[in-house]
Each structure stands twice: as C-alpha cells, then as structure tokens.
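Multiple structures are listed underneath, in structure tokens.
Okay, so chain A shows up in both of these, paired with chain B first and chain C after.
For the complex of A and B:
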C-alpha cells in the first residue's frame, strides 16, 4: 500500500520535478561541468580535458578583476545606503497621516518603471551632449562648481551615477516592505514604552528595530544578492561595451564571455559564474551568522 | 497618593469629519483614595478603558482635570506621570527576556535617578520575588503561560515604584481557575506594596471580590460607586442592580396599591411610603424564602442542586426573563411536590425601581444612601 502511494506521489510531483530538473538542476550541473572543461570548443562541443585552467584564466583577466572590483564597490555602497534610506523614508511615511497614500505611491513608482526608461532619464540628468551638459552639471556650474562628465568621464563620477541609479531603483521595494513591517508592529508596545517614559530614540533602537529586524535582514540578504547580480542597470547607463567604459560587473563579464564581442567562451563564463556563486554564498553565510544574534523572529 | 478625577469628558472626533463624534466618557467625577484598590466596572464599550488611558496619559481628556495628590497632571505627558500600567495583552516585549522586560522602565531613568546595573538587578529581583517569578528571569515571554506573563507585566509595572498602578482587564486572558488564583494575587500584591491601584473589568464578580471600592460605569457615565457590598445591597438604579450579582437579580413588573406590592395576582410585600402605580421589582436570588405558605407563586421548572444551596428555577409571567432563579439553602431539605412553588420575600433583597427612569424607589426602613 505504502509502495503504491509512493508511486502515486512521484507521479503527482512529476510535472514540478521535471521542470525543476530541466531548468534548475541541469543548468547548475552543466555550469559546473563547463567550468572545469579545459579548451572547450563551442563548435565541436569538445574539450581537451578537465582542470582548473578556466578559473586561473578568469582570475587573471584584468577585465574580470575590474568587474569584481566594480561589483564589490556597488554592493558595499548601495546595500547599506539603500536600506538605511528606505528605513528613514518608511519611518517618515509611517509617522505622517495626511497624503500618506500619495507619498507611498510616489515612492513606489520607480519600482514599476522600466529600467531602460529610467536609464534614459538619467542620461538627461547626467550625460554631456553637444547641446547640453545635463541637468546635474547645470546645477553644479550654477553653484560655481566645475562640470563633470558622469557618463564618459572619471571613474568615481561613473561609479557615483551607477550607485545613485541602483539605489534609486531598489529603494521603492525596500520602502514598501519596511512600511508594512513598521505598520505591523503592535501599537501596544509603543504605548507600554510611553507609559514607562521611554525616549523616542530608545524606543526605536530597543523596540522598533528588533521588531522589524526580520524584514531588514531579508532586505539586506536579497540586497546583497541583487547587487552582486548587477548588470542591466550598468547597460542602461553605459551601453553594452562595459569593459571599454570600465564599468563592467561580474554578471556583465559572464554575459560578455558568452555572447559579447569577445564571446563564445562558455567555460570562462561558467568559471566566472562559479566565482560569483562562491562570493554570494560566502556573504550570505556571513549574513546568516550575524543575523542569528540580532534578528528576532516572532 | 489619591487620584482626583474632576468632570472628565472624552469625545472622540467623528471618523468622517462630520457629526458630533462619540462621547466615550461623560462628566466623570471621582476620588480614588490613597492606597486603595479600585475597580472600574461596566459592560464593554462603557468607556472604562478610555478612563484608564486618560489617567495614564495615552489619551487626552476633552474636558475636566486629573490630579495625582495635589498635582494637576492633565497636561502632563504620559512619560512624566510615573504610573505603572498592565496592559490587557500584557504588551511584554517579545524579543527581550523576562529580566530585560522588567528592567526596561529602569533604563529610562535619567540624571540623578540613573541606576547602575547592580541596582537594577536588585530592584528587578525584589519585584520578581513579590510576584514570584524569580525562576523565570532568563526566559522569553512566549515561553511563559498566560498567568506567568501576567505576573511579569505586573512586575514591570511595579519595578519603577509607580505612584499609581493601572490594570486594563488584568484577568481577561486567563482561564477560569487561574483567574481566581490571580485575582487573590493582585489583592496580595496591592496590599504588600500599598500602591493605589485602579483596574478595569467587565466581570462584576472579579471587581466585587478583591476591590475596596467599585465604580460602576455605563455609557461613559458613573452610575454608582462605593464598597462592593454597599453597592450590591443598595443599588442606585436598575442597571446597577442588574449588573451586580450572579445569578443576576430577577426583574418583574409589579404594581403598588395602598402600600402593598403585587406581582401578577400575588400580593407579595408591604412597601411603606411608596406611592401607588406601576413599578419594576428586582428580587435577588437569595431574597426568596421557600415557604408553602408564601404569597408569591411561581410555576416550578426544575431544581438545580449545587450542594451548599439549591437553585430553584421557576416561571412567572410577570418576570422579564423567561425563568426566575432563586437560591435557597439546602440544609432545610425543602420538599418540592406540586407544579407550583411558593415563596416569602426578604424585604431587604427586594428593590423597587421607576419603570421609566430605572431609578430606585426607597421603601420601608432600609436606609438608602448614595
């Protein structure tokens, strides 16, 4: 009887399992295999043997190292700033009564706006053209500063625009989640703290933060992962030749290795993808360890 | 410290911005004597929690003043009033241990009142032993039973030695057995600390059993206050009479003619000094004396034996409720034969009320003081 049920159970699971195997497990395994196949030829689909040469190549490739550096800078800058900003905005939204829905909608707009459309707007803001220096440069020169080429100029200027852009794009989702997390904290805790004469800063640190810590933690983890997978935003700002712009990211590098002008190297792409996987895994494990002490689950 | 509530009124603004809003408390004047345990008693929605919120400062009264001792605290923000509050759902911070919960109010002390860690521990240990939770200090609130959480909440309210302790429905989240036990406990803790305590409840039994003074409220108004027994024996109006006592008072429509009260066709009691006319008669269940010669007749429905007493459930057409509940002592071993039961009435357990206003009509020798 049990045996029979088992067969039935597998049968019911089959559609889901088949899709998972086909689209999740198989590609994952394939990436690992590609990454250790040396001298793989795309056309003949043959390799000269197994080894770690692909990793060594990737890790010595200046473009890859540049991409890793860029990605890390983006992650380190955008994750804390966007989460902190989102928390501030959510707190502000939570404390106002009037026009709250309006502001919530406004803050949510970037989330439903197309990345490339946003990129276009950023061009208007930052790009120097033959006709205009861009809105931001107009402001800078108005206040007596020197105009900067944010799109084709110095590295820090490009990185600034990049981070600005990422923060702007990821903010709405974080604001949304944090607003609902704040709203779900039972008011009685605040009343209890108030009757006991607790100052608002202590209330925030000792009550609000722990109560919404699962949401913050979730946002930090997904923020890290999302930022490590940064690619499309860079394309929207700096075009497809990111290596030339010096603004490539790890995922961008993987893509270029597969399909870019220098493409056709699935082994290098796979090795780079594995490196990214290891980085993200490590960071997530660290996050989980840190969270054990600081995150409270109801 | 005594608490003086003078003409307190709270009107909540209407939700839509139009109309008059909701009057939760109306012209409430009362003095809570120093060191007493006072119960604010009333049906749900009568404004008793709003009263408590005004006293602790979470709500601002629309009119009237609140004084602690001689200080007017009406305008004083909640955090400066120095009251301890036990919330209905305890409001223990779920992410902190019991110990951290208890010392949380102490962390708010500033300047010269600031305590060292050792002093905090000392204070926490003291209240913990008062409410008997010493062995639970390292636990989180969710690992505690309802009764234990309740004690922690009381400990947290008491740790800063408040001038006034407020409790909102302190027993409503406990099961019946625990409720009995905890109410004794609240009485004991209040006696030991001597802190003036106001607690809110809709359970009249709870209120009567432990408080020094009960304050009966309805629709935001104070109906009657006094020692529990006094209020029970001398209800000012029909509402108070009906609200106090289990089983509830039996209410009949009656008539007075020539100082004689009749219910239905039975002339049941002589009522001196009452004018002729229709009245509402309230008879406490213990006001019936089983007596075959008695003048008040009811149709016997059933007998419920409770050991110490017997509850006689009968029917009478003049009764407001479907059945009349009377309690007689079982020691007499009364014998019930026929379909009818007859009673004599104890005059001091019978109350007359105006049919329209529900106000009490005094009669006989009973001194009524409000």
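For the complex of A and C:
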C-alpha cells in the first residue's frame, strides 16, 4: 500500500540518530571502558592498563562510603514519607469540592521552581547567623527547645533539613498523580460498598488502595530512582563543597571526581557511576518482584 | 413518635460529624498549603527589606516597614544577573526549538513511514530510555571538553537536544491519527513534510505543547550539565548564577539582595505556570518525572 520510502525515512531519523549515537550510545559504551582503565590521565588521555582498581579505589574511599550512607538514609526516609504523605493529601483533596483547584495549584508550585534558588530560602530559614538565629530556631526556642544550626551544625540536623527539603520538592508530582488516580476510580465500586454498609476504612483498604495501586507502585519505583540520584537539592542547601559539609551523595561524588577542585578522574567517576547504576537496578528489580504480588491491574 | 426523635438526633450527630470532618480536612490542607507557600512569602518579603533593617532584626518581622527596591537594582548591577537570565533564555529557547524539530521528525518516521528494521530500531530507542544520565554525562563531558566547546552555547545545547522519551510520547500520538488522512493527502499530491506540518502537528498539538512545556521547565532549572561545562561567568545559567551569587555574591553576606535574585529567577516559571496551569499539570501527569 505505502511505498517503501527507505531513504526518506532514514533522512527523517538522521538528526535523532546522530545525536543519540554521539551523546547516548557512545558514552554508554565508553563509561564501561573508562571504568576499567587504570591510572587514566586526563591530559595525555592514556592509561597504564586494564583492571578493577578503579572500583576498589572508589569502594574504599571514605568520601564515597559517606556518600553512600547519606544517599541510603535520604532514600529510606524520603521515599516512604513523601509517598504516604502525598496519599494523605490526595485523599483529603479528593474528599472536598470547595477550594480544591486552589489547593492543587498551590501544592504544585514547588515543581516549577528552581531547586537551587528556593533552596537558598530554606537555608536562610534554617541557618544560624551572627545577627539572628533564623526563623526556625526562634520557633524552636519559643516552644522551649534548644536551638541548633541546621546548615553547619550536627549531622542529624543537616540530614533533617535535607530530607525535609527533598520531600517539599518531590511532593507536587506525587500529589498530582495520586489525585488523578483517585479521581479515576469508578464510583460504581463506592456505591456498591455503600449499599452493603461497608465502613470507610474497609472501603479504603479493599477498594481504593487496590484500584490506585499501579500509581502508588509507579511512584515508589520512580521515587527510589529519583532519591538515589539526589544531588542538586543538597547543593542548594549546603553549597558545592558537599564533602566538607559531610552531606555528599553518590551522584555528587561522581561529579566531584569528574570536575571541580577534586576532579579530573573520569575513571573513578565512571566506576562510581556504575556502582550507583547497579544499586538502582537491584532496588528496581526488587520493587518489580514485590509489586507482582501486590499490585492490582484492572 | 419515638422513632422520629431518634432520627432527628441521628441526623444532627451526622451533621456534627460532617462539620468536624471538614474542619480536620481543610485544616490539614490549609496547613500544608501554608508550608508550601511560606518559603515563597519569605523570599519576597526579605527581598523588599533593606540590608540594614534585615540585619537589625534579631527576631525577623513578618512584614516590611520600609519596602525598598534597592535589592533588585543591586541584583542586576552588582552581580551579572541580567547576563545569567539572558543566557538561560537563549539556552532554553534554542534547546527546546531544536529538540522539537529533531523529535518530531523521528516520531514521524517511526509512526508514518515504512523502512527496513523499523521495529528493531524502535525497540533499541525504547531501551535507551532506561539509561541513567549519570552514566553518559562523564563521556559527554570529555567529548565536549576535547572538542573545545567548554564555555560555548553549542557545548551547553548539543547534548540536551535529543530525548528518547519525547520521541516515544509523540509517536504514540501520531499513530492515533487515522491512516485515511494520509492517503487522502497522498492522492492530493501532498508531500510527507507538508502533511506532517499541516495535518499531523495541528492534530497532535496538545502533545507538542506538553513536550515544549516540560522541556522549558527542565532547561530553565538545569544545573548539573551547565555546571560541568561552564566555568566562565559569561556563560552561566541561572542555577549556576545563583550558586555563584551565594558563594562570592555581593562581597558580603547580603541576604536581602540574594533573595531578590531568587525572586527574579523564580518568577518567569511561576508566571508561565499560572498562565498554562492546566496544560502543565496535565502534561506532567502524562510525561513528567522528578520525584
């Protein structure tokens, strides 16, 4: 029916293919080569041999281990809390009529803001300076607590702001998806439950949750992936020298190895990036296995 | 008699329960709404405080006594904020435009044209969606550095113009356009390109708008790649600019001026969002990520 216009089709594809080969496929192959080239010199572009030294260096580097620890803590705290809290907000939004659009608009705002810029506002709110303790600390002392520097202070305080900011940033996306998932559940099910006189908690567990489980599952998977790649939010709060702040993340470690004051080691960066990729892949596979048993696809 | 009294009582209890529930729900939603809005309020508020009055407040005030515009003029005169904005503007427009062209052509080839190995190639395309950017950024950094494109717009733009996911999104939409239209156009002697521009794109406009919006947001907020590829202030985008302002900014810790810069940087996207609210939220729920 349609003539096989081979050449024309390839012409249409040419720009996309060219960009993809140069900036996607070739780098993907190259990163594995970098990761096994030992003693790679950025200036002469030569290495002294092949081996797994880069991986062993990275895995023994205290900065990397600190970054892994930080990243795991952020993931474990922010993914469940943000998903659960988003569900709570979506349920509340779904149960009202008045002001619903207004709330939805407000809640979405963090999605369209520059995290680097708004992070500075969080820094100002939480930071202690010579002039003032900062708004948050004033509130804490007002309620009888001990003030603490959240930006340059103890580890747990920094981690708290970090997680709080991450949740603030990722919530809009989750609330949006869960709200539309809740809205698309067929009213027929609720009406049937009403006729049977089912309690509201039971309705939630037996009807709502299974119906929106694909969305929840999607958010958990993307949430894990996103949280493991945490980086710019940390820079926004603690500045570019994350190692000094003790708040570096795995992605931050990759970029520090590549560029900046401690940079110039693409081999170490590649090894670290591959370790991250393996971690994310493993977690995603576990998620997929778990979901097979618990997700209900209508 | 007894029954009807009972009913009225039950109704009253029901009503009370409903009111209580409303108070809890609206209270909860309102509280989180405040939590979201407060940082924005604080940044606007602080940006209108003078340096002296900000640092004079041991307990910060929630209102401004003597609003001043000096922070905004400082943000544009003492640091090259205008330059950062212009750079980001150029970067966003060029990247988005080139991307739309590249993606549209590819999506058209995959949905409308026939060629050998189409399905295999499309499968390879799809598998590329799973590649995390952290893996490929390392070699791209080396490529751009070796090509002497550090601190140039081409170095910033070229690696960001291809998106496998948007090709996929657009192809899905293109495939829904009925074949009959294509044959009719062919009979009329319309060329493929003309058909793409005059028929396909107008029909699939919502998807194209979605892609453009998502890409604009991504470009405006991009930080990692620009940071790797630029160290000359003349080529900084806003994200790097604000980081630079934070570290070496106004010569002293000038929080109000810094907040003025933050307001200026945040405003364009917020305005865009308020105008295209529906499209943006629909677009993000279809094809967004982050989070």
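Observations on the structure shown:
To be clear about the criterion, the second predicted complex is superposed on the first by the 280 of 298 C-alpha atoms of A that agree within 3 Å, B and C clash if a C-alpha of one lies under 4 Å from a C-alpha of the other, contacts with A are read in each partner's own complex, and residues count from 1 in each chain.
What we mean here is this: a residue touches a chain if its C-beta (ideal position, glycine included) is under 8 Å from a C-beta of that chain, and two chains touch if they have at least 3 such contacts.
What you see is a predicted model; the values in this text were computed from it and never measured.
Taken together in the superposed arrangement on chain A, chain B and chain C fit without clashing.
Judged by the touch definition given at the top, the superposed model places A:180 against chain C, while chain B stays out of reach. Touch counts on chain A: comparing chain C and chain B, the chain ahead is C.
By the touch criterion stated above, A:296 is placed in contact with chain B alone, chain C being left untouched. Of the two partner chains, chain C is the only one that A:132 touches; chain B does not reach it. Contacts of A:112 after superposition: chain C is touched, whereas chain B is not reached.
Of the two partner chains, chain B is the only one touched by A:191; chain C is not.
Shared-chain residue A:170: touches chain C; no touch with chain B. After overlaying the two complexes on the shared chain, residue contacts for A:207 are found with chain B alone; chain C is out of touch. Look at A:103: by the touch rule set out above, it reaches chain C but stays clear of chain B.
Here chain B and chain C sit at a least CA-CA distance of 7 Å once the structures share a frame through chain A. In the superposition on chain A, no residue of chain A contacts both chain B and chain C. For chain A in complex with chain B, the residues that touch the partner chain are 186, 188-189, 191-199, 202, 206-207, 210-211, 296, 298. Against chain C, in their complex, chain A makes its touches with residues 2-6, 8-10, 12-13, 15-17, 19-20, 22-28, 30-31, 34, 82, 88-89, 92-93, 95-96, 99, 103-118, 120-122, 124-125, 129, 131-132, 135, 138, 168-174, 176-177, 180, 219, 222-223, 225-226, 229, 231-232, 235, 239-240, 251, 254-255, 258-259, 266, 269-270, 273-274, 276-277, 280. Across the complex, chain C meets chain A through its residues 22, 25-26, 28-29, 32-33, 35-37, 39-40, 42-43, 46, 55-60, 101-103, 105-106, 108-110, 113-116, 118, 121, 125, 128, 131-132, 134-143, 158-159, 161-162, 164, 167, 192, 217, 220-221, 223-224, 227-228, 238-239, 242-243, 246-247, 253, 255, 258-259, 261-262, 265-266, 269-270, 272-274, 277, 280-281, 284-285, 288-291.
Those residues of chain B lying in contact with chain A across their complex are 56-58, 78-85, 87, 89, 91, 93-96, 104-105, 107-108, 156, 160.
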